[in-house]
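The same chain A turns up in both complexes below, where it pairs with chain B and then with chain C.
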Partner chain A sequence: MNQAEQQLSNNYRTALIDLLYQMADDELTIGHRSSEWLGIAPDLEEDIAFSSISQDEVGHATFYFELLSELGEGDPDKLAFARTKEKRQNARVLERPNHDWAYTIARGYFYDVFDHIRLQELLQTNYTPLQKGVQKILREERYHLLHMETWFERLGVAKGEAKGRLENAVITIWPDLTDLFSLGRSNEILRKEGIFPISESALSDKWTQQVKPLFDRTELMWPGTPHVMTGNGRLGVHTSDLQQLLDMMTEVYRSDLIATW
Partner chain B sequence: MSDVQLQIFMDRIQQGQKIESTDWMPDDYRKLVIKQIHMHGISEVMGAYPEKEWVPKAPNLRRKLALIAKVQDEIGHGQLLLRVAEDAAKPFGKVRDDMITDLFVNKVKFHNVFHMEAPTWADAGIIGFLVDGGAIITQASLLESSYGPYARVLQRICAEESFHMQHGESVVLSLAEGTAEQREMLQAAVTRWWPSMMFFFGPPEMSSGAQRMMEYKIRTRTNEELRQKFINRYVPRVLSLGMTLPDNQLAYHAETKLWTYTEPDWEKFSYMVQHNSGPKSQARIELRRQAHEDQKWVRDAMIRAGQVIEAMA
Partner chain C sequence: MMRNFTFSSRPKEVSEASDSFLQCVVSALGEIKDPEMPTVSLAELGMIYDVDHHQGRVTVKLLPTFVGCPALHLMRSQVESKLVRIEGVASVDVQFVMDESWTTDRITEEGRKKIHDFGIAPPSAEFEPHKALSCSYCGASDTEVVSMFGPTACRAIYYCKACNQPFEGMKFI
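== the complex of A and B ==
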C-alpha cells in the first residue's frame, strides 16, 4: 500500500492537497504562458530553449496533477482543464500576459527563484511520493533558474532600452508578487504536519536574500519587500487574465467534455 | 573556372561523392544549394505557425506537451537548415539575418501548405499526419543529396519528422474513433488539405532550376515520383480511417503502377506562393516580423551585454 492510499489524517490530506494544487497550477499557468512565445521569441535559439522550459513546466504540472489524482482528486486532465477560475490556486503574477521579453524574463526569474526555494524545502517533506518527484524536478529547475538569471543580468547590464524595459517590468510585477509567498489556507498545518517545513515569511526572506544581490549587481533600484496583498491567488482570487487564459486553454476541451481527444 | 575543374566536380557528383561547403564548386551549384536550403529552412520556421495556433488550445496535457515539442522541432529544423545555408552562402557574404529578412521583402518563398488556414483541432492533427508525412517523403529522398552538409542535417530532421507523423496520426486516430462531430471535423480537414498536398510536391513539368538540381544531384527524385509515393502511401491510410478523399479521379493502375488524380489548380497555388497571397500568408509573415524586428532590441542588448561582461572579466 502506498502512502497515498494509507489513512492520512483529514488535516494532513487537506493541507497536502492544497499545496499540490498550488504547485500544479503554478506550473501549468507559467508553462502555458511560456509556450505562447513559441515561434516569436527574440531569436531561433531562444525559441528552442524557451520551448524546452515550457515543456518541463507542463510536465511538472502533470506530475503534481497525477499525485492529486492518487489522492482521489480525479483525472489529471480534468484537474488541469475542467476547474473554474475560483478553484485555481496559482499565484496571480503567473496568469498575467507575457507583455514584452523583459517582463517575461523578470517574472520568470522571480518565479524560478521562488520555485527553487520551495522545491529545496520540499526535499524535507514527509510525503514520500512528492519528495521523490522533487529530486528529479530540481535537476531541471536548476537550468531554468540559471537561464532566467543570466537573461535578467544581461538585460540589466546592457543598459539603454533593455534596462528601461526591465525597470518597467519590475514596477509592473512587484505589486503582483505578494501571494507568491502565500501558502494558502493550510499554511500552519503544512508545517505542523511536516509536509512543508518553513513559514511564508521565511520563504519571502529567502527569496529576497537571493534576488536583491542581483538587483545590486545590475544597478536596479530595489523596490522593498513586496507586502501589500492585492488579492490571494492561493485562495482562488484571480484576475480576468486567468479567465482569458482558461477560455483559450479549454476551448477544444469544453467543446465536448466526454470526447477522447 | 576551368573546364577541367568543372569536369572533376561533375565526376565527383557522378561517383556519388558528397560536396562540402569548403570544396570548390561552380557558382551555379552553390546558388542552387543556397536557394534550396534557404527555402527549406524558412518553410520549417513558417511551418511552426499553423500548429502554434493550437498549442494553447490542445485539449489535454499529453497533447499539449507533444504539440509544444513538435513546434519546437520545426523551429529547430529551421535553425539547423539556416545555419547550413549560411555556411554555403559565406562566399557571398550573406548571413542568417539576411535570410530571415528576405521573407519580409518576398525574396524567399515557403511551402504552399503553410499559407493555408488551420481552423480546427483536426487541422492540427492532419498537418502532422499529411504534411509531415509528405515532408518525410521529400526529405528522405534528399538524404541522397550531393551536398554533404544538407544530407547530414536531414538525417536528424527525418528522424524527428517521423515522430511528428506519429503524433499527427495519433491525434487523427482519436478523432476517427470519436464522436460523430469529431469524425466530421476530421473529414472536413482531410478535404481541406488534400488539394494542397497534391500541389506540395510541385508540378510534373519541373522548372529549369529544379532540373539543374537533378543534374547536380542536389535532389534526385522528380516531383511526380514523390507525389506518386505520397498518394500510394496515404490513400489507403485515409480510407482506413473511414474518411473519403475529395478526388473522384483517384485510381491505381496496376499496369503502369501509377495513380491518376485530379491536378490541383497549379496557377492558383503558384500565384499564392509567389505573392504570399494565401489566406494566412500575411498574418504568419507578420508573426515572424514581430519576432525578428520588434525584438531586435533584445538581440542588440545581448551584444552590448556580452561586451560589458567581457570587459569586466
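== the complex of A and C ==
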C-alpha cells in the first residue's frame, strides 16, 4: 500500500492537494509560456533551450498531476486541460505573456530561484512520493536556473537597449511577484503537518537573499521586497492573461473531448 | 542492477523454474534499446530498477531518465511487446518509478562506450556545466560548451576547436 492510499487526515490531505496544485499549475503555466518561444527565440540555441526547458517543466507538471490523481483528484489530463481559470493555483506572474526576451529571462530567473528554494525545502517533506520525485526534479531544475541566471547577468551587465529592457521588465514584473510566495489557504497546516517546512515570509526572505546580490552585481536598482498583494493566484484569482493562455493551450483538447491521443 | 527479486519463500523446484523464466525475461529486456540512442540498451543505461513475476504476470519497474522524457511511452510499449512474446508470460506491467533517482552514474561502462560509438560524448562524473567534454569524434579536449540544452533533454551541445565541428554530449544528471 502506498502512502496515497493510506488514511491521511482530512487536514493533511487538503493541504497536500493544495500544494501539489500550486506546483503542477506553476510548472504547466511556465512550461506553456516557454514553449511559445519555439521558432521565434533570438537565436537557434535559445529556440532549442526553451523547447527543452518547456518539455522538462510540462513533465514535472505531469508528475505532480499524477500524484494528485493518486490522491483521488481524477485523471491527470483532465486536471491539466479541463479545469477552469478559477480552479488554477499558479502564481499570477507565470500566466503573463512573454513580452520581450528581457521580460522572459527576468521572470524565468525569479521563478526558477523560487522553485529551487521550494524544491530544496521539500527534501524535508514527510510525504514520501513527493520527496522522492523532488530529489529527481532538482537534478534537472539546476540547469534551468543556471541558464536563466547566466542570461540575466548577461543582460544586466550590458549597456544600452539590453539593460533598459531588463530594467523595464523588473518594474513590470515586481508587483506581480507577491503571490509567488503565498502558500494559499493551507499555509499554516502545511507547516504543522510536516508537508512543507517553512513559512511564506521565510520563503520570500530566502528568495531575496539569493536574488538581491545579482541586482547589486549588475547595478540594477533593487525595488524593495515585493509586498502589495494585487490578487492571489493561489486562491484562484487570476488575470485575463490566464484565460488567453488556457484558450490556446486547450484548443486541441477541446476539439475532441473523448479522443485518445 | 536488478533488485528485489521475490522468490525466497517458494519451494526449491518452483524457485529454480522461476529463475530460468526470470533469466529469459531479463535477457529479453537486455535487447531493448533506447529509442533515441539505438546502440544502447535500457539495461546499459541503468534504467531497469526491478523485475518481478507471479504466475506469468511480469512487472517491470523502470527509472525515467528525465521526468518529462517523451520517449517513456515508447519504451513502455517496446518492453510490453518484447516480453509478451516469451512463453509463459501472461501479462506485462511496466511502471515508471521514482523510488530512486536515475542519474548518469547508473550507466554501465559498456553503456558509456556504446553512447560514444553512437557519436555522443558520455557524461562527466559530476555537475560541471561550464566544462566541455572531450570531442566525441576526434577525442580532443580543446572544446567549448555551446549550450547545455540539445536536441533531447539529456544532451548538451559542444564545439571542438581541433576538428572544427559541433558535437553532442550527454549531460550529467
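Everything below uses one rule, namely that the second predicted complex is superposed on the first by the 261 of 261 C-alpha atoms of A that agree within 3 Å, B and C clash if a C-alpha of one lies under 4 Å from a C-alpha of the other, contacts with A are read in each partner's own complex, and residues count from 1 in each chain.
Operating definition for what follows: a residue touches a chain if its C-beta (ideal position, glycine included) is under 8 Å from a C-beta of that chain, and two chains touch if they have at least 3 such contacts.
Everything numeric here is computed off the predicted structure, so don't read it as measured data.
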Touched partner set for A:35, first chain B, second chain C, both or neither: first
First (chain B), second (chain C), both or neither touched by A:135: second
Partner chain in contact with A:256 - chain B first, chain C second, else both or neither: first
Partner chain in contact with A:62 - chain B first, chain C second, else both or neither: both
Chain B versus chain C as contact partner of A:143, first or second or both or neither: second
Touch count on chain A, higher of chain B and chain C: B
Which of chain B and chain C A:53 touches, first, second, both or neither: second
Touched partner set for A:216, first chain B, second chain C, both or neither: neither
Touching partner for A:45 - first (chain B), second (chain C), both, neither: both
Shared chain A contacts, counted only where both chain B and chain C touch the same residue: 45, 48, 51-52, 55, 58-59, 62
In the complex with chain A, residue positions of chain B that touch it: 45, 48-49, 52, 55-65, 68-69, 71-72, 75-76, 78-79, 82, 121, 171, 174-175, 177-179, 181-182, 287-288, 290-291, 295, 297-302, 304-306, 308-309
Residue ranges of chain A touching chain C (in the complex, touch as defined): 45, 48-49, 51-53, 55-60, 62-63, 129, 132-133, 135-137, 139-140, 142-143, 146-147
Complex contact set, residues of chain C against chain A: 64, 66-70, 98-103, 127, 129, 146-153, 157, 171, 173
Footprint of chain B on chain A - complex, ascending: 32, 35-36, 38-45, 47-48, 51-52, 54-55, 58-59, 61-62, 65, 76-77, 80-81, 101, 153-155, 157-162, 165, 248-249, 251-253, 256, 259-261
